[in-house]
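Letters A, B, C, D and E mark the chains in the order given here, with residues in each chain numbered from 1 onward.
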C-alpha cells in the first residue's frame, strides 16, 4: 500500500502556537543525543541523556555538534531548546515532521529544515525523514527522525582528519547538508533505472500492471518534487544571502550543493515528462490492440456471414426449389462460396486490413 | 447537490459604490456582538445589542476585541462601522461575503479578509465562511458569518492565562488567524483520506461512480485553491511588510502561519495532480476493460462462425451431395470441426489473446 | 451561429497611421452627444449635434461630461477630438472598436479603453461593446458603441444627490467604470448558472448536445478572458500609479473596483477549469456507455453462437447420424444447451459482466 | 506539402563568426537597391547597382532611405555594410534569414529585425520573409527578401505629402514597421475566417479531413507565435527604452504599433485555444459516432441471434421431436419469435438505446 | 536501446566534497593535452604528457590555450588543476560529466561548463559530451570528453590568420563556444527533417511504429531541452554581466551566440509542440480507423442477420408449414430478402455509413 500523502496535523488545531506536540510517525525507540566537541587540539565524543546536565562550558574556539536521532519526545526537544536558547517556533517545527523545506533567520542562529531521502529497493518506494539543523557561531544542532548512517562519514572525518575546513560551524553544517543531498542521487538513480525498465516493458509488451506502475511512479515524483522544489530555494538562499554566520569560502561550497539540488530537480522534471509520455503511449497501445482485435472479428464475420446465409438459403424446405435437383448445383454453390471468400479477402488486402 | 460556484452579486449592479447590501446566504439568526476588553489588570466580557450605546472609553493600554457572529444585517454593520470609524468600502466588503482574500491598508487600521474552512464529514463537502478582521492600535474587530467555536481557544487563553503576548492587538489578530488557518489542516486531512481511499478503489475495482467522485473532488480542489492561493499572499504581506501596527515579535509568528499556508497550498496542488493522474488511470481502465470484452467476443465469433458455416453447408437440401451418404462423413466433419477449433485456439494462444 | 472571433481590420492595412476609419459592426442609428455640465451650484444637461458649436466656456470649477452613444461616424469623432484637443491616435482607437483594454497617458489627459459586457439570456451569448473614456482636469468624455442604460444610475446621482465626491472628474470616471464593471457580475452569474445546470445534465444523462454546449461555453470563456485579463491590468495601473489627475481618495475606490476585476478573473478561471473537467467526464461517459453496449453484445453472441452451432450440427443431412434416431437425443440436446447457457451466465457473473 | 520548420544553417557550422553566407531560400532575381533622399525642399529617388559608387554626401538635414529587395547576394550586403559602416554581425544577421525578431544597440545605430507576413489564400498558408532595418541619425536601411508592395504606401506619402513627421529617420522607421505589422492583421483575419468555417464543419459533419486541417492550422499557429512573440518584445523595447535616436513623439506612435502586436498575439492565443478545443470536440465526435454504430450492431445481433437460434432448433433432424407434428406449432413459434423481438425492443427502449 | 537518462553518481554518495572521482562513461583512450601558446609574434603548438613539467613561463602578452581530450583520469585533472591553481570544486565538476550548464565566478577566472551536441544519423540519436572552459587573463583551458574535430577550425585560424581579435583570452573562449553552439544547429536540422518526414508518414499512413518513433523524438527533445535551457542562461550571463575578464567587443559577439541559443531553444519548443500535436493526430487516426472497421462489421451483420434468420425459418421441419408447398413461395422469399437488403443499404446510405 502506498504511503499517506498527508501527515496528521489535526490534533494541533486550535492549540496555542508554540504548543509542543510531536506530529509524525510514532516510534518506540528512545532518542539518542550525541555531543561532539572539538577544536584544533582535540575532540570529545559522548552520548548524554539529559541536555540540561551537560555543563561543560566551551572554550573560545571550540565547536559543539549536538546530534539527535528521534524527535518524538517533546520533553527532550524542549529541554534541548531551552539549553540552546531556541525560539518556541523552532522547537515546534522540529517536532512537526512535515515541514516544508525552509531556512529561517533567528537572532544569533539560522534554522534550516528539509527532508532526507532513502530509497528502499525491496518495496520500491522512496522514504524520507525530516532533518532539522541549527547553525550558530558556537554550535551546530542536527536532529533526524530515525537512527541512520548518513552522517557517519562526517563524523569519521572529524575524528581522523581534523580538516582545517571543519573548524567552523558553517563548514560542519555544509558537510551535513552535502551528505544528505548526496542520498537524493542514489534514490533517483534507482527510480530512474526502474522507470527506464518500465519503458522497455511498455514498448515491448504492455499489460494492465504497466499502467498501475506508471501511476505509482507519477505519485513518487509528485512526492519528491514537493520535497526538492523548496530545498532548492533553501540552498539558493544559503549561498546567495550574505549571512555573517557563513564565511565566503563555505558559500562557494554551498553553491556547489545548490547546483546539485538544481540537477536533482531537473532529473525529477525529466522523469515526470517521461512518465507522462509513457502514459500516452500506453493509452495508444490499448487502442491499437483493440483495433487489431476488431479487425480480426470483422474479417471473420464478413467472410462467414454471407457464406452461412447462402447455405441457409439452400437449407430451406420449400417444395419447389428447382436448383436443389440440378446435379451440378452443389459444386456450383461451393465454387460461388469460394469466389465470394476470395473476393472479400482481396478487398481486405486492398484496404490494408490483412 | 454541489454548492453554487458563484455568489449572487447582481442585485448590487449599478448601485452607488459603498451601498450597504448583504451578499451571501440569508440567515434567520440574530447576530451577536461580544466585546472583550482587557489589560494586564483585568478583563471584561459582555454581549451587547447596539454598538452605538457601548460608551465606556478604553484606558490607555486596554485592548478591545469586538467579535460579531453574523453579517447579514446591514444596519448593524453600519452602526459598528460608524462607531469604529471604518471606511464605507470596508463595511461593504464585510457585507459582501464573497471577497477574495486580501489585506488593505487604511489610515490607522488594516482590513484583513479571508475564508475560514469547515469540513462536514457527512456530506463530504468543505464549507467556508468569510472572516473579516480589522486591526488598529486600540481594538480588533472580527466578524464571521455563522456562530462557531473556532475562536473559543483564544478566548479561553485571554481569560485564563493572561499571556504577556496577547497584550497587544497584533498578537490577538495573529491568534485569531492562526486558529482559523489550523482548521484548513483538519479539512484537508479528511479530504486527503477520502481521495486516497478513492485511489485504492480505483486501482482495485473502478465503477462509474468512481468517475463522478473524482470530478467531485476536482471541483472541491478548485474551490479550495481559489481561497488558499490569495490567502498565502495575504499572510506573506502581513509578515514581510513592515507595518507600524505589527511588532517584530508578532511578525515572527505571522511568518509561521504564512508557512502553514504554503504547506496547505502544496498539499492542494499535490492532491490536484493526484486526481488528474487518477482520471487518466480511470480512462485507461475503461479502455482495458473494453479490450477484454471485445477479445472474448472475437474469440467466440471466430471459433463458432466457421463451424456453424460448415454445419450449414451439410444442412443444404441439394439432391446430389455425395458426401451425405458416406458412412464416415459425419464423424469426419466432426473431427474437421474440432481441428479447426483447436487450430484457432492455438492461433489465439500464440497472439497472447488467451 | 457563434460570433466572429476577429474583427475586420484589413481595410486599414497600409493606411497612414491616424487615418480615421470606423472598424466594427456598422450601425444605422445616428449617434447622440449628451453634454452634462455641473458644479456645486447647478447642472445643465443637453443633447447637441455638432460639438464644434458648443461654445460655452466652463467656469473654473465646472465639470463637463461628454457622453456619446455610437462611434461609427468618423467625422463626428474627429470633430469631438478637435474640440477636446485629443491626439489622432486616441481618435483612431475610439473608432477601432476591437481595442485591447488599456490605459494610456497623454499630455493633460488619460485615455482608458475597455469592453463593457452584456449577457442576452435568450441567445445565451455574452455581447460586448467598447467603452472609451478620456479623463482630464476639466472634462470627462465617455463613448460607447450602442445606446444603453448602464450609466443612467450615475446620471441620476448627479442630478439628484449632488454628491460631494462627484465634484471632481476622477470621481466621475470612477463611477462610470464601476457601473460598467458591475455588469460583468450579472453576465458571469447567468453563465455560471447555465454551466452548473449543464453539469447536472452531464452527470445525469449526457447527450451529444451536451458536448457542443460545453464547447460553446469554452469559447465564451475564451472571449471573456481576452477582455478581463487586460482590464485587470488597466485597473491595477489606475489605482497604483500616482497620477496627478487622480486623487488619493478616488484611488481607494479604484482599488475596490480593481478588486472586483480580480474577482471576475478568478471566477472565469474557475469556470474554465470546471468546463475542462466536464469535458473529461463527458469523454469518459461515452466510453463507459460503449462498454455497456459491447458487454451486452458479447453476452448475447457468446450465449447464442455455441447453441446455434449445436442446432446446426443436428440440422445436417448426413445419412448416417445415429444420434438422430435415439428417442431421448432431442431432450438431451435441449438439456445440454441449457447447461451451456447456464454455465456461460455463471462465467459472466463471476467476471462481473452482469 | 507543408513548409520546412527549420531553415538550413548547417553550412555555417564551424565557420568564422561574421562569415558572410546567405542562409535562406535561394533566388534567381537580381537584388535591387533603391535610394530615396529627401529634406523639406525636395526628394531624389534612384535605383543603383553598386552602393560603393553612390558618392553624393548628404546635407545636414537630409534623410537617406536605402531599400533593398533581395538579400541572397553576400557581396552586395558586404558592399552596403561597408558603405554604411555596419558591424560584421549585422551583415551576418541580414544574410541569415531565420533571425529571431530582435532589436540590437550598436554604436550610432539600431539594428531591428523581424518577420513580415503574407497570407496566400490559394495555398491557405502564411508565408513570411525577414525584414532588416537599420536606424541611424542620417539614414534608414531596409532590406527584405523578396520584391513586394508593402512599402509602396510609405513611398507615396514621402513623394506626395511631404509630411512634417517623416522628416526624421525615426518617423520613417516607424512608418515602415507600421506598414509591415498591418499585414499581420490581414493574414490573421483570413486564417481566422477559415478556422471558424472549419468549426462550423466540425459541429455539423466532421470527416477525417477535418482532423488534418485542424493539425494544419495548429502548425500555422505554432509558426506565427514564434514570429510574433519576440516581435512584441522588440516593439515594447522600442517605445519603452529612451534611445536618443527616437523622439518622444515617435515613441507615442511606436506604443500604438506595440499595442497592435499585443492584439495580434492575443488573437493567436485565442485561435490556438480554439483549435485545441476543436480537437477535443473532434475526438469526442468520433467516439459518439462509434457508439451509435455499435448500438446498431448490438441491437441487430441481440434481436436476431435468439430468433435464429430458435429457427435452428426446429431445423434439427431428430426423429423424435413431437412439436414438429403439432399443427399449431409453426404459428406458435412465429408468435413466440415476435414476442421475443417485441420484448427486446421494449428493453432497448427503456435503456434509451433507440 | 535508448540512452540512460541518469548518469550514475551514487558512487560519490557520502564522499568528502571535492573528492576527485570520474563520473561518466569509462574510456580506454589515453587523454591528450595540447598546449598552444601565441602572441602577435608567433605561435608554439605541442602535445605534452605531464602538465607539471610544462615550465616555460609566459611572456606578458602571451595567450596559452590548454586543450584536453578525455577527462576520465582524475590524476591528470588534478595535476592540471594544481598547475593552473583551480579550486577543488572546479576539478570535481570537470570530472563529473553530468553537470548542468552553468558559469561560475572564481577569484581570477571564470568556469564555464555546458554540453556539446553531436547527431549520429545512423542511430538517429543525439549524443552529447561535457565541455569545460576556464577563462583567465593569461590562459584558456578547454576540456572535452572525447577526441573530436569541433575546434579544428579555431586552431587553424590561430595558426593561419593571426587575427587581431584572438589575441585576447576572452576572444578565444568566444570562438570555442561559438564553434560548439554551431553544432546544435546541425543536430537540430537533422532531427527536424526526420520529424517532418514522420509527420508526412503520419498523415499518409500511420502504423504502430509511428507511435514509438514519436515517443523516441519526444524523449530526445526532453534531453535536448535539459541541455539548452540552462545554456541560454549561461550565455545570457556572459554577455550581460560586466566581467573584467571580458571586453566590450567580445560581449557583442557573445550576444550573438546568446541569440543563437535562444533560436535553438525556440526550435526545440516548436518541435515539442509539433510532436504533441502529432500524437493527438495519431490517437485520432486510430479511432477513425476503428470506426471504419466497425462500420463494415455492422453493415455486414445488419445485412445478413435478418436474411439468415428468414432462411432459418423456412429451414424448420414443422409438418404443417403451408408456405412450403406454395409454388411461388421460394421466389417470393428471395424477392423479400432482396427488398430487405436494398432497404438496409438505403438506410445506411441515408445515415452516411456508406
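Just so we're on the same page, a residue touches a chain if its C-beta (ideal position, glycine included) is under 8 Å from a C-beta of that chain, and two chains touch if they have at least 3 such contacts.
This structure is a prediction, so every number in the text was calculated from the model and none was measured.
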Labels of chains that are neighbours to chain B and to chain D: C
Common touching chains of chain C and chain B: none
Chain C to chain D, fewest steps along touching chains: 1
Angle of the C-alpha superposing rotation, chain A to chain D, to the nearest 5 degrees: 145
Equivalent interface positions on chain D and chain E, same or different at half: different
Rounded Å distance between chain A and chain E, as computed from the means of their C-alpha atoms: 26
Whole-Å gap separating chain C and chain E, where each centre is the average of the chain's CA atoms: 42
Where chain A touches two or more other chains, by residue: 283, 287, 290, 294, 297, 301, 305, 308, 312, 315-317, 321
Topology of the chain contact graph, where touching chains are joined (line, ring, star, complete, other): ring
Going round from chain D, first to chain E: chain order: D, E, A, B, C
Residue ranges of chain D in contact with chain C within the complex: 150, 152-153, 157, 174-175, 178-179, 182-183, 185-186, 188-189, 192-193, 195-196, 199-200, 203, 252-253, 255-257, 259, 262-263, 266-267, 270-271, 273-274, 277-278, 280-281, 283-285, 287-288, 290-291, 294-295, 297-298, 301-302, 305-306, 308-309, 312-313, 315-321, 352-353
Chain B-facing residues of chain A, complex: 1-2, 4-6, 8-10, 12-17, 87, 89, 92, 98-100, 102, 104, 106, 205, 208, 211-212, 215, 218-219, 222-223, 226, 279, 282-283, 286-287, 289-290, 293-294, 296-297, 300-301, 303-305, 307-308, 311-312, 314-317, 321, 323-327, 329-330, 333-334
